[in-house]
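Per-chain numbering from 1; labels A, B and C assigned in written order.
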Amino acid sequence: MANNIRNINKCIPRNSLSYIVPRLLTVQQYREYARPTSFPDFFQNPIFRKEDQAQLIESAELPKIAALPVRPPAVYQTSSAYHDPLVTKVINHVMEMGKKQMARNLVEKAFENIKRSQIERYHLASTPEAKAKIELDPKKILHKAVENAKPLLQLQPIKRGGITYQVPGPITEKRSLFLAIKWLLEATNEKERTVHFPEQFAWELLDAANNTGKVVKRKQDLHRQCEANRAYAHYRWQ
Amino acid sequence: MLSRNWRHLCRRYSQAVNFRTTENSPAQHNDKQEGLFYTINPDLCKQLFAHGGFPRSFMKQTKTFTETAIMVRQPALDLLACIKASDMSQPVIRYVLYGEKGTGKSITLAHLLHYAHEEGFLIVHVPWVSEWLRRVPRHKEMSNSQTHEGFVDLPLDAAAWLIHFKSQNQTLLKSGELKTSKQYVWSKRETTEAGSPLAALVEHGISRVKYACDVVDALIDEIKILSNAKQCKTFVAIDGFNSFFYPLTRLNTPTKRKVKPEEVTLTTSFMKITTNDWNNGAVVVTADQLAFPDDHQESYLPRYLLYKKGFEHLDPFVPIEVGRYSDKEFISCVNYYRDRLWLRGPPEIEAELKFTSASNPYRFMEQCAPL
Amino acid sequence: MSLFIRNYKPNSLATVYNVKIWRLHSTAAESTQKKDENEEEFRVLDILKKKDRIQRKVTRRADIQPDRSDRMAPDQNWGNVWPGPKTFHPSSVPLPLRQGYVPKGQAPPGKKANAELMKVPNFLHLTPPVIKSQCEAIKQYCTEWPNLLNSQEAIEKHYPVEIITSDYCHASPSIRNPLARIVTLRVKLSTLKLDKHARDKFIRLVGDRYDSSTDLVTITADRCPARIQNTDYVNYLLTACFHEAWNVEEWEKDKTEDDMEYYDWNNNASKKSLVNWHLQKKGESKTLTDDEYKSFDVSEIQHADGYKNAVSDWMNSGESEETVKKYAEAVRKLFGLPEKKVV
């Protein structure tokens, strides 16, 4: 993945534009796009959050980058008060065939379901302590669920002496996030035909946030497998 | 400077927790309660709206909020003032509620129904006309009318409406003061004698579903006669009234012929009660875009929705617009939602929601949902 | 080598001449010449062939005249200097004119030998005093202005038809401009004295030539080559439309209320329902015929006029929030209901 991105960057004719911007100013930055954009490399990623902008102003770094060309922000990059990078990520994972509006509606509907069930539980709870324990914010529940679903290790197939071993090893933060969201969605899609996606997704999120359910079990299974295969760990470097 | 003032105002309003009124009787509502929420007693709510009356999304909210609270809004107050000011011995005045989608026409109607119930009106309430004419579930009961040539009966719908009517007017029907004026002969063995209570007529319609449509027709006639005789005062509320005037319904006769709304017996009955040839009552109908198919929703104004026919049928009527939230109402609603845990988050979210929802009540509620 | 050829190509005359000049100017050479006359002359290779500059004699006429424009008297009769339309002539115009495009910062060229000034048509023969004197001269041929046409309104009243043409001043060999043939006729529709039907039909006939905001009908003709023909044509068009507007076709009698161009409250169901309501309110229950409905005098009903206007306005000028609001006000007055509170 990362290699691809680097290759794509090379494809963009950089020299043709280099006379516009002095060499000194070209800042290498991490790019999130999957395919080439029409913007050359020295175009900065937009800073669209008010907090980030305030931070820039405070640290007096704004004048330094004020004159640099900036790429336009994408649709999901808003300064809205309820912007959440994890939510946009999940929406993108839910999306099929580029139907983003649909994906967004599904996720928001799931949030609504979570909220309704939690509020109901809140009203059922008798003591204020029990009430205080109940998490009402669906976004926080999503964050918690993803955090709980994230694996800490992974198994890599490595061939030694004609035999493929499942070798445990560390996992990158990015891949662990990817696996967590993927597992959540896979668990959601194992449902009856009559159950709608938002309902099932809401249940899965609530389960995962409680550290129970299919997804957490899957993570624990993986960890157990890694533990069992720890004897192969040296194959990673031998 | 301006923005600071505005923010200051916002803060002042959000600190004011006064979004509820303890005045739970709609008859006492006046401008002081404008923009405030009042709660309806759950038993009464069940009696009035168990068989429809609130939109489905609102019903869901009442469950989540564990209460039924309605905001006292300007159109409802306006209508109440008009009903109070009107002379009951005069021909009935027709009121038409209109407004954009999701601005609260049905809720306003529910508010008025509560008022009518409290004031002892006999309530003739149709929760949603499109339920009869435009919604075709798999088993839609339809038959050709026995009494009216070339007409179509919807017996199950009519019987369901009679149950609704019965539950809404429990107290009035139980007292048994309302009597039929003439004898109705349904078949060789079944007759309803003149002078029998109205409840008997209704019961007959419910138990003998075959005659439900004819019973509705007879009931409407009786109600008009009773109102004219000052034995009761009648409040007619029909939601989605414009559905009666759309050129075609979704119903098909067994011979696959499209049915026009005026060929349905229920239509003729409710057309009769919305004319102004009787007195001692009030008629409130809504003209709603949602009662029409998607390709005929360009405007929300009454002439467009009622067609020429409907306009001439109702004319002269009093159009009353149900609009979006005013600033005051919006802030009150925000506070209510915060109180009911429906809306959380920092205060700047409110300004944002106000702009994205354009102060449309339904859209505001929807946009709060995932937050 | 090439240099050599170039210098020696012309015949030797030039060379000899050069040598002579050289001798004239060189004293040293003279003495040597005298000394050894018989000796062979030393020829100097004159490559650059320095020529002395020959002063061309400039002939100046002593009796040159100053420019005519400078000699003009300030109180002369300009009409005599420039009697008719003429191309610009710098010496005849005592004005410090400049004209022409130059790069930024430079002054435009002066009036002499200035093609820019000669290209444009000028009106130097039409100065106000000249016009005045010419008007004076032709006054004897004019008739008196009718004293009843003393105001714009009077003129519009007696001569409602206005013919608009344009004349063009032209600086090409032909004095005819093709645009001069266009004729525009303008008339106020109200001056045509049409009845309701004819007026409606006339407006439909002329289409977008009628402007409802100013009530003006504007007919333009440019299809014929001569102005007189176009004038005849616009007059013909106006006449034809006028007479056609008065024709009533046979099928127009079959029009029903639905086919009407505009909503006439008196013929519509709205009046019927109002009258019914009124009768019911009075407690009379009688059914009227259609003609009785139409001829019913609504002035006996209070606030009926406002209601009538509101309904007609709603139907005729289209449905909008304002018309609905106006209707609501009218109906509330009719029913005696309280006004809607303005928030």
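The rule is short, and it goes like this: contacts are C-beta pairs under 8 Å (C-beta built on N, C-alpha and C of every residue); 3 or more make two chains touch, one makes a residue touch a chain.
Composition by chain, UniProt nomenclature: A = 28S ribosomal protein S7, mitochondrial; B = Small ribosomal subunit protein mS29; C = 28S ribosomal protein S35, mitochondrial.
The structure presented is a predicted model; accordingly, all values stated were derived computationally and were not measured.
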Inset, instruction - Select the chain at the greatest separation from chain B, using centres from the mean of Cα atoms. - result: C
Legend entry - Between A-B and B-C, the pair with more C-beta contacts: B-C
Inset, instruction - Could you grab the centroid distance between chain A and chain C? Build each centroid from C-alpha atoms only and quote it in angstrom. - result: 67
Inset, instruction - Starting from the mean Cα coordinates of chain B and chain C, work out the distance between those two points in Å. - result: 64
Legend entry - Whole-Å gap between the CA centroids of chain A and chain B: 47
Legend entry - Complex interface listing, chain A residues touching chain B: 80-82, 107-109, 111-112, 115-116, 119-120, 122-123, 136-138
Inset, instruction - Please name which positions on chain C make contact with chain B in the complex. - result: 268-270, 273-274, 276-277, 280-281, 307, 311, 314, 319-321, 324, 327-328, 331-332, 334-338, 340-341, 343
Inset, instruction - Could you please specify the touching residues of chain B with respect to chain A in the complex? - result: 60, 64, 66, 340-342, 344-346, 348-349, 352, 369-371
Legend entry - Residues of chain B that touch chain C when the two form their complex: 31, 74, 78, 81-82, 85-87, 90-91, 93, 98, 276-277, 299, 301-304, 312, 315-321, 326
